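Common to both upcoming complexes is chain A, partnered first by chain B, then by chain C.
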Partner chain A sequence: MIRIINTLQVASASLVAAATPSAEGVIRAPEIDYVAIAPEAILVLGALAILLKKGFVPRRYRMMASVATGILAICASLIATGILWQRLADGAAGTAVSGILAVDGFAVFSKVLFLGIAAFAILLGVPGLRRERIMREEYPALVVLAAAGMMLMAASSDLILTFLALELFSLAFYVLAAFARDLPRPQESALKYFLLGAFASAFFLYGVALAYGTAGSTNLTSIADFLGRGSIPWIFVASMALILVGLGFKVGAVPFHMWVPDVYQGAPSQVVGFLASGAKAAGVVALLRIYVSAFHAARPSWLPVIAGLSIATMAVGVVVALVQSDIKRLLGYSSIAHAGYLLIGVAAATPAATSASLFYLVSYAAMIFGAFAIVSVVSGKGDGFTRIDDFAGLARRRPMLAAAFTVFLLGLAGIPPTAGFIAKFVLFQAAVESGLWWLVLCGAVASVIAAYFYLRVIIVMFVREPEGEDLDSDEPDPITSLGMGLAIGITLVLGIIPQALMSVLAGADLVMPGL
Partner chain B sequence: MNVPTNAYLIFSALLFAIGMAGFMIRRNVIVMFMCVELMLNAVNVAFVTFARSFGDVAGQVIVFFVMVIAAVEVVVGLAIIVAIYRRRESVSADDASVMKG
Partner chain C sequence: MKTSWPDILFFAIVCGIALGAALRVVLSKNAVHSALMLALTLFSVAVIFIAQSAPFLAAVQMIVYAGAVVVLFLFVIMLLGVDKNEDLRETLRGQRPAALGLALLFAVGTVGVIRLYGSGAPQAEAIALGADNVQLIADALFTTYLYAFEITAAPLLVAAIAAVVLAKRERPAKSLSESREDGSA
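Presenting the complex of A and B:
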């Protein structure tokens, strides 16, 4: 055994020696800034602890230990992020770990957002999955791993790290989509999500290879320098298009949206809220980080493409949602439309539009989590009742649930006094300021059409008589109610006093390298 | 024999295109999955070519990352495919059509 390790060491040493161009043959290890990587490192360690504890914890405490470790990891990571924030406030923005990890207000705020999303995923997911009897010990591990991947997407300042982060959270989501693995619909949705996701990441990776080939580096700062020097070769334009395919798939932009309705309908409702808010936010922050900051000099080449994608995404999302009869599919198409609105923020490419996009992501996450929590309660075991008709008369059967659902649907429609209205308002305002009034016009028309299908669900809940069959939907348990209450709180508080978050977003320095 | 750099890049692009076409044409889930692996390896060829022409190790190191990711994808993908096969004894993508609309 020792001999094998020795041979391996000799072999690897000679490999490195052969590969290192420096004459001395001394390898200088990169300086690792442990404070900068602490938030993600803690989450990964937490996930490993959850997976390894099987041998140490007695069977009956295992589930409790998993969930507790998951919550602990998220709290510890939040503290580490707070320390990082404090360091930023002292004016130490920049990059860490050989320039592959950005430490700036954008990264740190996004980390807090993703930790919040992960906390919601545990708060709403654990009781929901227990109700369905598909809760497994690995759920908290997958949630924190996905959170670590999404946080790295926001902080990554190197395209290879972005690719690894993309795969880290995507793989966790593929498994989560397959969580109810013995039912046909979750199986099918997991298969579609996985195959199309792997296909899209191959495009992303090819884009990274071409960027490396033209700019000579995968580092975003070097790429920004390269683009700042003048003409943009056509291969780099191809590379930007390929990277856009990969990220467009994650946010669910048309024409890469085919998986969205199927996965939203097929996967268990308890995990769809996590997937809908997390994967979309991760894709959007990566688009902002890569296109708005690093590729800023190439904006004339990518602006028409992203604007076109945005218009197509809003149009398809809104129009197809009009004819849906399944509530989960409806929310799926509505999330496609929201991806279109968010792409307006990417196209605008100003610091104001970036902070508006972050505000939008926060409020969208709260609303979509809440909406899917209610769907998971109302639809009953195995997501059996997800037709919009199944919501008829909900106001009479479960008035509180109907009222909560109304808040979330009004928020998604963007009607005051919810956060959805303020989010759309600041986003559109930022886009108009950077001269994209025609894009905002399309967004406004799409929002008006979208209001129709959200209001239709509300009318069905309040006006229509319940159908004969008695649904076996239970009252939500206390933890689920707490999660829903929190989501309603965020939706309403951000709608009534948006300054609370706006001032944080303005105070956190959101200027990215390259801008 | 001296093969020009561009030949490798064209080879990589062709491999990528074959993988892409295969993914869209074939209906067997496992073959579709193999096509994705082909695309990833086509990218590896491109990375090595660029690294060689720049005299830069970074591109070659990236290939190791990609290989690990490809292996991890196999683990998750085959697990999902096996779960589906157990249920319906078929791995055709056309059979996965419960949801439409």
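Presenting the complex of A and C:
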């Protein structure tokens, strides 16, 4: 016991004095790159500020102070990311804090993407949740902590840190899914999400343990070195499969997709946009970081599995979406199909496919946020009207909403001139270049089938007469309108002048130890 | 390095206790018995850690698992109330075969790793060479995994927020003052 205390004292002393000489029995603290950890650290500090301010701010201003602190934290983190980007432009990419945190264009670009997703979550979530009277002061804190977790998913260069990041944003998502806690359906879906998510995390962790057992390290660079040395033990193949189960659950790939439609239907519409774009983007960037970069030498082993998952995911997503009568479930199955397209980018495993996947994630985030913002407005109080029939005659009642929804649905279907078309085009192009034309063929067929159910909703909105009594859905409030406007802007601008983002993505390359 | 027979005997006894207690955890019909048997299992594992000259892990195992986690289980059982006529029918169909399948998966993985690398990871080699176990853990925790160690705080923070958001009722200010008046009257 005394020995333990002594060692702890030594350890803490050496942490305080960073440059202790390396004597026997003294631990040298690693050099901490504060610029590299700033984006996430600022978000966690912001969450703490949101929680602590309860003691200082009068009750009347607390909600406003929470939201303001959340927005401030996101802006400050964005500036910190910008500084990191600037430093990256000057020097070479590398790792920070004893090799656990990757600092490369891929990580920094993903951080900007996740900060944007978090900003949308606050912009579109807060007014909607207030309207539903389920807004809590803790909502901005959960959003920024989830954003920190997702950013770490992209930047993590060690499977242990990836696991912690996964848990960080997943725990926040379970709570957000249960935000309407007094209704039975949200409760049921949130519990399902939590139990299945915990199960998937266990698979991921077991995969990490087996990777450590074979490669002798959880560090992605060391694992890439280990794989580059030659034969891959079968136990490592098992480890890759288990890690794929954990991440496949997050992106909603078949056969780990069962939670998606239930959670999208059960969770309040105001937060589903965040759950949909955030979980998918975080899962995909982790897949790219781990499989495309670190496990690149083992690509012959994982390529058939990921390609198979991709085909199954696209097939189940589009076929089951055809028969849905609920708009939230329809968007849920459509998001499963999108996970399938994104897996094509992972399977292609080239720098071009990586930047195409990032482009896809940006445009998907804008479109799904916009689509769910409209669903939250049209469905009214307590998500009462979410049948596709409830959208009948929307063009007559709310022409602007119907027009906006049309843009988002066309984008999700991948029809020009929206970002969805360009995203699919560059992704498929990159996959063809790496010889996966058969996978692209499946993706193209799935896209054609998918266009049918998106167009069906558009036809219902514009052609059918309103059913029964006039639902008189709420006019969207100014902030929600602003958020929708931004989402439409991104969808159309990226569709018409994609070069704007493409040129940025050219600098967002993933450092690939395996290439 | 050849293992001496007292070591084997000691290992067999402790493992026997751990396995027997683990079986009782699953098979016992009384939830309190299960929790206590779980404590015994975890305690036996701690003893194995000591035999493997890993005193820090043993201490953590006893303090965190046998101490905190099992006591938490007992609290939950106590708060829910132990009902003798509890319905023991299983609501999850196919649970047992699924559990067996997962156990098999775990066994295959563990045995596979051990067969591939008998002595295990670099840390284990260092311990075998007589390095200080506590020092090694502190080294890993405060240098290689320092950032991950610090980030652990964030999921815990989310868990605390989750408890508040999901459990606490937001009372309007008026009803609070009313209840205070009721108390004084």
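The rule we apply is simple: the second predicted complex is superposed on the first by the 485 of 515 C-alpha atoms of A that agree within 3 Å, B and C clash if a C-alpha of one lies under 4 Å from a C-alpha of the other, contacts with A are read in each partner's own complex, and residues count from 1 in each chain.
Throughout what follows, a residue touches a chain if its C-beta (ideal position, glycine included) is under 8 Å from a C-beta of that chain, and two chains touch if they have at least 3 such contacts.
Note that the coordinates shown come from a computational prediction; the quantities given were computed from them, not determined experimentally.
K.L.:
Could you tell me if A:326 is touching chain B, chain C, both of them or neither one (first, second, both, neither)?
P.N.:
Once the two structures are laid over each other on A, A:326 reaches chain B alone.
K.L.:
Of the two partner chains, chain B (first) and chain C (second), which one does A:136 touch, if any: first, second, both, or neither?
P.N.:
The answer is second: A:136 touches chain C but not chain B.
K.L.:
Which partner chains sit in contact with A:192 here, chain B, chain C, both or neither? Use first/second/both/neither.
P.N.:
first
K.L.:
Identify the partner contact of A:48: answer first if only chain B is touched, second if only chain C is, both if each is, neither if none is.
P.N.:
After superposing on A, A:48 lies in contact with chain C but is clear of chain B.
K.L.:
Of the partners chain B and chain C, which touch A:27 in the superposed model: first, second, both, neither?
P.N.:
Only chain C; A:27 stays clear of chain B.
K.L.:
Classify the contacts of A:164 with the two partner chains as first (chain B alone), second (chain C alone), both, or neither.
P.N.:
both
K.L.:
Residues of chain A touched: more by chain B or chain C?
P.N.:
For chain A, the partner with the higher number of touched residues is C.
K.L.:
In the superposed arrangement, which partner chain does A:367 touch: chain B (first), chain C (second), both, or neither?
P.N.:
In the superposition, A:367 touches no partner, neither chain B nor chain C.
K.L.:
One more residue to check, A:178. First (chain B), second (chain C), both or neither?
P.N.:
both
K.L.:
Is A:213 touching anything from chain B or chain C once the two structures are fitted on A? First, second, both or neither.
P.N.:
Touch partners of A:213: chain B and chain C.
K.L.:
Go through chain A and flag every residue that touches chain B in one model and chain C in the other.
P.N.:
160, 164, 167, 171, 174-175, 178, 181, 206, 209-210, 212-213, 216
K.L.:
Going by the contact rule set out above, which residues of chain A touch chain B in the complex?
P.N.:
Listed in rising order, the residues of chain A that touch chain B are 19-21, 160, 163-164, 167, 171, 174-175, 178, 181-182, 184-185, 187-192, 194-195, 198-199, 202-203, 205-206, 208-210, 212-213, 216-218, 261-262, 265-266, 324, 326, 329.
K.L.:
Which of the residues in chain C come into contact with chain A in the complex?
P.N.:
So the residues of chain C in touch with chain A come to 55-56, 59, 106, 108-109, 112-113, 116-117, 120-122, 132, 134-135, 138-139, 141-148, 151-155, 157-159, 161-162, 164-166, 170, 173.
K.L.:
Within their complex, state which residues of chain B touch chain A.
P.N.:
Where chain B meets chain A, its residues are 9, 12, 16, 19, 23, 29, 32-33, 36, 39-40, 42-43, 46-47, 49-50, 54-60, 62, 65-66, 69, 72-73, 76-77, 79-81, 83-84, 87-88, 93, 96-99, 101.
K.L.:
Which residues of chain A touch chain C once you look at their complex with the stated criterion?
P.N.:
1, 3-4, 7-8, 10-11, 14-15, 25, 27-30, 32, 37, 40, 44, 47-48, 51, 59, 97-101, 136, 138, 141-142, 145, 148-149, 152, 158, 160-161, 164-165, 167-168, 171-172, 174-175, 178-179, 181, 206, 209-210, 212-214, 216, 233-235, 238
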